[in-house]
Amino acid sequence: MNMLMLIIVALGMICSGVPGLFFHRRSAAGQRLGAAINVAAAAVGMAVVLFHDILPMAAEVWHPAGALPMGKVALSLDDLGAWFLLPIFLISALGSIYGLGYWPQRKHPADGRKLRLCWGLMSGAMVLVVLAANSIWFLMAWEIMALSGYFLLTTEDGKPEVRQSGWVYFIATHLATLCLIAFFVLLRVYSGSFRLWPTEVAGLPAGPLAALFLLGLIGFGFKAGLVPLHVWLPAGHANAPSHVSSLFSGVMLNMGIYGIMRVVVIAGRPPIWWGVVLISAGVLSAFLGITWALAQRDFKRLLAYSSIENIGIITTGLGLAVLGLSMNHPIWVALGLGGALLHMLNHSLFKPLLFMGAGGIMHGANTRDMESLGGLAARMPAVFRLMLLGSAAIAALPPLNGFVSELLIYLGLFYTLHGSTAAPWIAWVIPVLAMVGAMALMTFVKLTATCFAGQPRTAAAAGAHDPDAAMLGPMMLLAAACVLVGAFPVLLTGLLDHAIAAWVPWPQSPSLAGIFNFWWITAVAVPLLIGTAGIAWWIHHWRRGVREKGVGTWDCGYAAPGRRMQYSGSSLMQTMAWMFRRILWRREKLPEVRGIFPPAADYACNTPDPLLDRVAEPVLKKIGNILESARILQSGAAQLYMLYILLIVLILLLIK
Amino acid sequence: MKTLIAISLQVVLLALLPPLLLGIINKTKAWFAGRRGPPLLQVYYDLLRLMKKNVVISSTTTWVFLAAPLVSVISVLLAGLMVPLGPMAAPIHFTGDLIMFAYLLALGRFFTTLAALDTGSSFEGMGAAREVTFACFSEPALFLVLLVLVKLSGTPSLSAMLLSASHVRIGSTASAALVLAAVSLFVVLLAETSRIPVDDPNTHLELTMIHEVMVLDNSGPLLGAQIYASSMKLLILAAFLLHVVLPLNPALVGRDWGIMLAGLVAVAVIIGAVESLMARLQLRFVPTLLVAACLFSGFGFLLIL
Amino acid sequence: MIMILNAILVLVILINLFALGTSRMKALIHAAALQGVLLGLLPPLVVKDVGTLPLLMAVMTILLKGIVIPNMLLKALRDAQVKREVEPLIGFMPSILLGAVATAVALALAGHLAPPHSPLGLLVIPTSISMLCTGFLLLTTRVKAVTQVIGFLLLENGIFVFGLLLLSAIPYLVELGVLLDLFVGIFVISIIIHHINRAFASQDTSRLSSLKG
Amino acid sequence: MDVLALILVCPVAAALAALIPSNRWRPWILPAAAVVHLILVAVILLGGGATAKVPGAPTTGSISVATTMAALPHTGQSFAQKAAAHHSGGIIFSDWLGLDPPGRVVLLLASVLFVACAFYTVGYLRDHMDHLNRLFCVCFLAFLGAMTLVICTNNLGLMWVAMEATTLSSAPLIYFKHTKKSIEATWKYLLLCSVGIALALLGSFFVAYAAIVHGLTPSLRIADLLRQAPAMDKRWLEAGFVLLLVGYGTKMGLAPMHSWLPDAHGESPSPVSAMFSGALISTAFLMVVRSQHILHVAGDGAYASRLLILLGLLSMAFAAIFMVGQKDLKRMLAYSSVEHMGILALGLGIGGIALLGAMLHVLTNGFTKGSLFLSVGNIDRAYGSKTIPEVRGAVRRLPLSGTVFLLGFLAITGSPPFGPFISELIILYGTFMAGHFLIAAAFLGLLLIIFIGMGRTVLTATQGSVPAAGRRNHFRDGILSGGPVLACFLIVLLLGLYIPPPVWGLLHHAAHYLEVKP
């Protein structure tokens, strides 16, 4: 019953873009219709998922008549899957509403319909990815998601930079798919069926098991954006329309996490080194991700890199849970997995919020370069408040949601210090995470301050204005969700415990609520909220009395501080950039300054993705050149071709 | 009943004591300088005066500028309620509160720096930049200290572990670890409360300051709130430090409150002494200092593994 | 009987070597024609009872390989006005040597290749192998279209010689089909050669190398 | 005798085409003949007498790779046990004509594909009214006839004759445009294929001779060969197989004998290219399959497998080299054909379940290639060029053909949910099952390189904005130009999502038949 409804929901989402194709290329009706379908479908799906413990959700399997190459259409949903469905529905629906204001059909007649078609395809496909209980079916849904994702990223395929970033994504996603194909076929070979997710492979020797794990980790890691598999992520997010970026960052990355979560339990109790690999990858991604994010000037690239950081934190939590499984520590499992899942959900709340805010800024000021913004707080107050809240949430500040999940992960890590078989070496992760946290705070201070604080640096910024309700509405909803989860995490503990139980291969699984008392968070958060509300009220009634007109900022005696003299984002992180220059590996064009009266010199500095810019692209070029030089084999001389035939005959005759 | 008294006592101390510590510090510095110096309660007078004053607000700023000082007061206050001042557990204590503690301080930092940048002045921006940059190094140090304490006490709850820290035998490796942790905690304290050698609270060269320059545009009650908040931060961290070094024993309540107060005064005096004896570090060496703090507590953690 | 067969085969081998050696294309074509005629004589010699069908085969072979195809090639030669094969990729002397070596090797292996109880001597298989090699040599080392066609012709002849071993197995329908294919093939090729002449004003196939990579 | 009728359709139609005077209406003979051909094929394939049921060959509605694979033990040998009694069940052995199970698969492909190409050709020739199309129509039909004969005969010699006939009849098709390049392509095609095919003839002789050596009565009929194979002389048999492999491999486009293929595919008219890389080379593959079958029955399958796997990977490698940075769309597709022939050879060499995959891949690859070549044909007609950078923004310029070209590329590179994905997955599965992990790794690696190389070209051609030169003429997707493209593509999609039971029956039947050791 539920399954049927979910299938209908998925199909509804997949088709949501189709009606638009039949409307006139400038009519808004198709877009509205599509959004309506999407929202309705998402609402139904959300209801089914949230109340599925009221209605029983048996893993249902479909056997349609006829021969299907992928075998039975086996679909099933457990509580873990249900948890992953939530953000898909939420962001897909909100994003399509946001699109009404951000990407209106009459402004984008060329690509609007394509965008919405792929939007529906991708959302629906992601639902199917979660529902799939058969690996070929899974691969189909997966690839539909990946490919429609590609067409979403290259919505504006007229622009070369968009095509370039899309190209990188294209290669990455296909590499991932090949790994997954290999993974599933191997799984099929060892488990004896295409059924997902098997634990028949439990008895395997270490070799094949390692192969399975690594294939799965690489395949899904590409989608999740774990360093060093993240190369496609920053440029892709930056060049896509903002609501597409939010769908990618908020939902599609989760699919990678989903896959990894499923992979690590194929063998029942995982080997210890799996957990170690996961934690290392997680910490590495978190640290490098935030370092690179800090250095960005393009605020959408910044947000993309911070996604890498958050995925890293999630993976760290997951790694802790895996270690808990292999070393038999229910508490680590509960806190690690609970933290990971919750953080994933939170990331799906505040990252779309931030990307939508970024879209609002681009909508108003029409640039992605922070350094040419500033002073937007006065010009787009609504977006400012929402972005500020989002930034506070992603910097894991209480009383917002990001804090709760990070607290769980930290706590889990602290718990590795004692217990029967303590593993204190894990705890070394903690200071690194602390540093990552501080740097995240710095990053988002930089983001909000450079865009919103002070005075506008350019005319474009000066003319910015708040977007309309279609764009603000979804953001407000997300912001409300952030506060709600942050202040009343108890609301989610039930679902979380179910999800953990679905993941843990043990008969009885630990419950979060038993380990950590979420009411304390509420106890601290509520005063904070009340306090903030009080301050807001006080400011509202107090400020206008005292603000004297025309009083400028105290300029320390310097008579004419220009607007471009304001402290910019780059200068904000200059020290860090210097300390981490080895990691950032930026491309800098230093000015030539000579003599007493040097001529006008300019300084340029950009921060491309080090791995893509310094490793991946050169290697690909090199390979391309090698292949290029091999082309003489086909020189066009028939005589040569004859010789080939003669030679191959002799060679084959000699082979025995 | 006893706990009720303790809690109310703690709240009262938390609310009223902070400015006194500043006063003591100033007094000490004056003594080292051979001056008579301002009266102990001078800071209280200043705060009262500031509360009565009107404020001047740059037309560049937004509500964030107004909200920042108050948010930081609230957050620091809440953080303070998690650190036991006396032998009793703090009013707010639960497993994992240590993380809450750290992030509440971060919340204050978030708003203060934003407010500084909100003015659009490059000087205040400079201060904000330094604040957040140095935080990137003081946070790990703080968490390493927490690691040591959690490892020793076996509980991830602030009150419990601070109170149990006192059961460590003198001369054991544990005590050595505690000492190392205490040292790095002291550095963190200096950095967080922006004292010499990290920052000079009463120089007037904007180029060299951190906290002072951030609040350059605050005036009247706003400035008061900022000063109050930072002094409260000082109190909290000092109490934290004292719990690590002093063998407090919940049995003898009265004595311990005494010890605690004495300890706070002592810390203030030490800070004063440091400020008058040491020169301010060059800014580029501050991260080195903080990394050294990390190494200290990290080594402490290694000792007890 | 075997004597004649072997004599003819030896003759055929000599023609191969000549074909490798000569630069004058007319002579080359004549040699191929002669070889065709000789091959035509073989089937009746091989089969036990010479019925009408073997005779028909012989006639057809002589007709096509000995007369029709050579004439087509001569015509192609005429309207291209080429007399000689100039600068082959491997010189004439070396190609003769290569051909000779190949033949020698084939003869040396004859003992292993031939079946123990073969009705028609040891020479058949070596001959066909040497012809194959000759054909390939012409195909890979000569640049004039007609020469390459003759190489192809020699290749086919070699297969024809091998076919002698299993005349009983191969239905005459197939034999005829093969001949027909050969004829049509050469026909189409000579048409193409004609077009090559028109388009490139030469028969030099080394110019036909614009399609590469 | 429907097979005889099937073979006679094309010559008759060709004769008619030769007689029809009107240059404008003559092309319509092609679709007419094609439809008749298809109907006859349907009759043969569905007709009860023709398809014998093979036990274990799934016939119910719930066939699926999953279930089939589950049914199979790790080596394909069980095929043998299962179908041993029935190996000749489905084959008509008259003296000359017979249709073996693999032949059925290829016949289906050729016939359906020709229908699409025939309709497309009508529109194509309408755009080239200046050329006289009598020769073209006649040769196109003769070409189909020759292919049908190759498929439907059971005599190695006759197969050879017919195969050579396909070469000769298709040469004028390549030459249709009368450009210098087309001459060159035709010349190389004729020379290389003739030589290659000649080797195949020698190979057939060797195989027959292998019987004589051991004193058996020689014969070229497949049935006799299969019966005698175990008793034949191994050395001659293997030598014969090598020659057959190289000979028909040349026609099939296996590297390094593939050299003629990109030229011919690149220069001939698109419908011809579609037939070439859809049907013709599959027919050549059928010949390789038959040769391998003889060796397999002779108990020398391992040897054949080694060579096939070697050539298969070699072909994929060659294709990879030449697809990276390929500017010419049709040459790129041609190399992709080389790649897929390599995949087929690999599947055949691996054997077991991979055979099923290879059989399916014949279909999926054929139809995908058809849709790709036909859509490129439309792009060529729209832009007046088939090379980048002249061709850009094809999706905008030709919404249907451009999109099909893009999706077809995804299909041919093995992306779900299209047909080739399924077949390649089965082949990969078979490879893993057989324990050839390194081969599987090489397979996947080459697939990746090919995807990257091909993707670069395809995306450049389809995305972005249309250059001014591309807008000049007014060609648009019409019924005759767009219809066949769409039809082929829908078949590809269908094969990816739902394979009709009769088709599954054919494929399993073929796979079983090939595993048989009588």
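Order of writing sets the labels: A, B, C and D. Residues in every chain begin at 1.
Throughout what follows, a residue touches a chain if its C-beta (ideal position, glycine included) is under 8 Å from a C-beta of that chain, and two chains touch if they have at least 3 such contacts.
None of the values given here were measured: they were computed from a predicted structure.
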Chain hops separating chain C from chain B, counting only touching neighbours: 2
Core chain by centroid distance, with centroids computed from Cα atoms only: A
Contact-richer chain pair [C-D vs A-B]: A-B
Averaged-CA centre spacing for the pair chain D and chain C, given as whole angstrom: 32
Centre-of-Cα separation between chain B and chain A, whole angstrom: 36
Approximate Å spacing (C-alpha centroids) for the pair chain A, chain C: 70
Geometric centre distance via CA averages, chain D-chain B, whole Å: 79
Residues within chain D bordering two or more other chains: 187-188, 191, 195, 262, 322
Two or more partner chains touched - positions in chain C: 139, 148, 205, 208-211, 213
Numbers and ranges of chain B residues touching at least 2 other chains: none
Complex interface listing, chain C residues touching chain A: 89, 136, 139-143, 148, 205-206, 208-213
Touching residues (chain side chain A, partner chain D) in the complex: 63, 65-72, 110, 134, 136, 139-140, 142-144, 147, 154, 157-158, 160, 163, 166-167, 170-171, 174-175, 177-178, 181-182, 185-186, 188-189, 192-194, 620, 623-624, 627-628, 630-631, 633-634, 638, 640-642, 644-645, 647-649, 652-653, 655-656
Footprint of chain C on chain D - complex, ascending: 155, 157-158, 160-161, 164-165, 167-168, 171-172, 175, 178, 180-181, 183-188, 190-191, 194-195, 198, 201-202, 205, 208-209, 211-213, 215, 217-220, 262-263, 266-267, 322, 326, 331
Residue ranges of chain C in contact with chain D within the complex: 115, 117, 132, 139, 145, 148, 152, 155-156, 158-159, 162-163, 165-166, 168-171, 173-174, 177-178, 180-181, 184-185, 188-189, 192, 195-196, 199-200, 205, 208-211, 213
In the complex with chain A, residue positions of chain B that touch it: 54-64, 66-67, 70-71, 74-75, 78, 92, 94-97, 99-100, 102-104, 106-107, 109-110, 113-114, 117-126, 128-130, 132-133, 135-144, 146-147, 150-151, 154, 156, 206, 216-217, 284, 287, 294, 298, 301, 305
